[in-house]
Amino acid sequence: MPFGTSRAARAGAPLVSLGGVEKSFGAVRALGGVDLDIAAGECVGIVGHNGAGKSTLMNVLAGGVTPDRGRVIIAGEEQHAYSAAHAKALGIRCVFQELSLCPNLTVAENARVLHPAIRGFGWRRRAGRLITEKLDEIFPGHGIASGDLVQDLSLGRRQMVEIARAFTVSDAPARLVILDEPTSSLDAHTAGQLLEHVRHSVAAGLSCALISHILGEILSTSDRIAVMRDGRVVVADPAASFDRGRLIAAMGNVEGHTGETASVEAAGARREGAVRVRLRPPRQPDAHEVMAREGEVVGLAGLAGHGQTDLLLATFALAGALGRRAGQMVQGPVALVAGDRQSDGIFPQWSIAQNIGIRSLARLRAGPLISPAREAALADSWRGRIGIRTPDVANNILSLSGGNQQKVLFARALASDARVVLMDDPMRGVDYGTKLEVYDLIRDEAHAGRTFLWYTTETDELKNCDRAYVFRNGIIVAHLPREDLTEERVIQSSFAGVH
Amino acid sequence: MRVVLAQATARPWLWSFVGAAVVWLAAAAYTGGTGAGGMLTAALSLAVFTVIVGVGQMFVITLGPGNVDLSLPANIGLASAVAMKTMDGQDSLVVLGLLAALGCGLAVGVANYVLIRALRIPPIIATLSASFVIQSVDISYGRGLQIKPPPGFADFTNIIVAGVPLLAVLTVVFTIGANIALHRAIYGRSVLAIGQNIRAAYLAGVKVEPIRFATYALCGALGGLDGALLAGYFRGANVDIGNEYLLSSIAVVVIGGTSVAGGKANLPGVWGGALFLVLLLTMLNTFGVSAGVRLVLTGLIIVAVIAAAGGPKATR
Amino acid sequence: MSLTVSVPARAGSRIELRRLLRALLPTLSLALVVTAIAWLNPRAISYFGFTLMLNLAIPIALATLAQMFVIACNDLDLSIGTFVGFVCCVSATWLHDMPLLGALVLLGCIALYALMGAIIHARNLPSIVVTLGMSFVWQGAAILVLPKPGGAAPGWLHATMSVKPPVVPFPILAAIVIALVAHVLLMRTSYGAILRGAGGNPVAVQRAGWSLLRAKAALFALTGLFGVLSGMALVGITTAADANIGNGYTLLSIAGVILGGGEFVGGRVSPVGAVIGALTMAMAASPLLTFLRIPPDWQVAANGAILVIVLAARVLISQKGTAR
């Protein structure tokens, strides 16, 4: 339930006011004109699909990214030359998805990093006391010592330290805390403690910007909710006026589209093609295994980070390995579509054509050398087929928008001779329109005989799959047929299989 | 003018050739024009040796940040001794001697890669340690007789046709071939992919470890070849014959426009960088500066060029 | 809708054991070398023996600490050897004849090191190429200052390095003091934590408002300072200098830091470990090899081999810990 006694409705200027904020990274338009207000003592929940612009917006607010256009007004003063240091001085704290603790320092030392005022004799004791008190306040029973090295802490504990640190106060007060997916590494109990603390702090006058995929958290903790889609805030209303359905509808869903094709699929004949992939997670105690046939689209589901990517990588490695392993097989060449474009996919120095052709170099040869003409021809044909919006495939890949860059990665895999295509949550940061185009393409390719192993963190996308394996703690806990691929069933199975 | 300038800035390696020309003109001006042609011929002769190892070093550096072969000087020294001992002053054994030197260099390259791969040692440390070991091998192996190269071989390395050294022509042909390999062969593309993003390269199907192995082996082999040729040109092998090539092999690569962050390589620039360095030395010698000043200036200029070129720009 | 909860990490006694082994590696290596020496030449284990064997330990330890500061910010200094040689030459000439000029030059060198660090950060340059270039500068400068071996160490410097305290050999005493000072500087002060953090997660430290430029310049300045101290100590011991005297210190210093438990990336270094590693290298580099009757030609190789062996041992320990 929304926090009724907040002081959000008081008269006067809001603490934070963002007006018309635009930001592009090269050709990727992350924010297309965002207006957002956050009052003092108010918790604003921010929701949206991957790639909607939530993190970029928070980055602007925290001073980490300078907008191309628009106004950033904090405490009534418009900010020029706004930076992270300014934000900190104005009392804005953040906890982002990439943890910003130094793994080689202790918890107390990391607390000091945020508080330059703690120095001189006895600084370590003071910093340790500061962070420990806050940890006790937010997460009673946390079990973290201020002398622990961060690199020795579990991911969940690290997130607790990071969160607690954001709430610590030494000299300047904290006025706004930005929390970007703060519960992603916490278990249910600790997550509950955090949200409790957020409610208390907000009641005491602190502002909060909360980003989360877990709609239940947003609905229960926020005073107002802003929904983002494709770089804009499409609706911002009091939390009481939202329910799950309205949020999903505002975010933009895929159900409508795949609903039709689902019936088409069911009407089609079931294939009994040859087995292409057979693999078992290393610590699988029972007989469950991932098995995929020719022409199937098999999903890997479950909570994020529970072994799905590891399985895909194992499949990839198996395809390249010499020698056999009992009960495991991959038939035919394999290609992988990366989800994290920056770290796993894009070659930033190269053109679009070169990025597409890298997986198919052997076939692009005319004689012993690669033929640029063949490479360009391949890229052109896929530009048409997958709909890459560019005037020239010889342009550098960074000239493309994020969604189109992802299309290049798809083209790279699909243009190759691979019979099995592995997809590692590839729709991250991709706009809605691109997603629909690619879903169609995957379906066509599957009809033509390609096998797809598809790991996705958006449960709705599973509707594109014939069936799915649910993962938990690195092992398969359930194997769901298409009819059962709903969010409720997936969550249910993933928790049911807990040992 | 603006078009010319724009074209030049788009190709930063052109500056290395410009720099070489400037330095040559300065030296020629100092001597009043006498011997200017001879300077150029000598520069071409000497530049060859830097180019050969520069190409190998370029491929290694292009593999990505942290990849560099610091064992080159020791490699060159050992290979020169191996070549001379095998040739034993006989023209009939020249080919065998060259093969022995190549093999020696290849072995060094392979050993470097084994250290890097099996022991997970950063390439800088692996090749640095290897160079110490190779140095010891060279000292004990090459102890004693100062073997002269076979007369035919020595003459061959010194042939000059119409002011252009034969070795330079052969090396130009070699670099053209290397350039084609870089841009149009699967090997070259793989190296460029690995240098830009090693993980993406692996996931895109590039055979990362075999390519790295081949690159370090290639660099070692080129070092071996260089050692043999140097022994022929300078009519004798010795342990220190390769010492100056550590800095110069890296410098010509960087001055020539190859990115030290990997993924972007420039072969013509290696020639430009080599000519620039050699002519710079010639100019300094012409001015009659002492060894100390020469070292200081060479070091400062290289640091200045790198600082001006800058490193990889932050992507976000 | 997507759901995100992470896999809880598994703590384990295996991780603890692995960490313990890695922390003990420096002390174990030192013990190994001392044991080997004791077995080969028992008379070396005495006040006089240690003083002799650890003769060069102080300059090596100081150079190792210098390298440690650079490694703490994920860089490498390939010029420390030639820099120490240059400082030696300056100390044996200017510092002796014209102390004020000598002192100014040495202070200027520290400033130059700080500048180098600033440029490396500001232009995002690879430190190995920059320091490789600088090594030629220092080498040339050393030749200019002292073309032929010679010079004379200032009297006070020589006297300091010749102190003979009772019971504990001077090198060991000095090593303890140096280790303590460096430890307090980097591990106990509040800014030292920032400096190490700049190596561990530079983006985060910058986001918290600290200047990475200043941090890098500070670390490089510390490298320069300890390099200067190393050169001065060296000339105090040898009383004369030559331009090439420090050339082996580059590899020795890197080996010492790694032996002491430091890592090339991540800002994980240990000053005490580095000094222990330096002592180990000092004894292994020459005395041990001499006792093992390894010919001088091969002693150079042995230095390189030691570093490889230490790194290999570390990899083996890590692999044992992660064996599935």
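Quick notes
Letters A, B and C name the chains as they come in the text, with residue numbers starting at 1 for each one.
One rule holds in what follows: contacts are C-beta pairs under 8 Å (C-beta built on N, C-alpha and C of every residue); 3 or more make two chains touch, one makes a residue touch a chain.
In this text, all values refer to a predicted model and were calculated from it rather than measured experimentally.
Across B-C and A-B, the chain pair carrying more C-beta contacts is B-C.
With centres computed as the average of Cα coordinates, no chain lies farther from chain B than A. Here the spacing of chain A and chain B, counted between their Cα centres, is 45 Å. A straight line joining the Cα centres of chain B and chain C is 30 Å long. Shared interface positions of chain A, i.e. residues touching 2 or more other chains, are not present. Across the interface of their complex, chain B is touched by residues 25, 316, 335-336, 338, 342-350, 354, 358-359, 361-362, 365, 368-370, 372, 412, 416 of chain A.
Listing the residues of chain B that touch chain A in their complex gives 180, 184-186, 189-190, 192-193, 196-197, 199-201, 203-206, 263-264, 315-316. Of all residues in chain C, only 1-9, 11, 15, 19, 188, 190-191, 193-194, 196-197, 199-201, 203-210, 266-268, 324 touch chain A in the complex they form. Across the interface of their complex, chain C is touched by residues 65, 68, 115, 119-122, 124-126, 128-133, 135-137, 139-140, 143, 246-247, 250-251, 254, 260-261, 290-300, 302-303, 306-307, 310-314 of chain B. Across the interface of their complex, chain B is touched by residues 76, 119, 123-126, 128-130, 132-144, 147, 251, 254, 258, 264, 295, 297-305, 307-308, 311-312, 315 of chain C.
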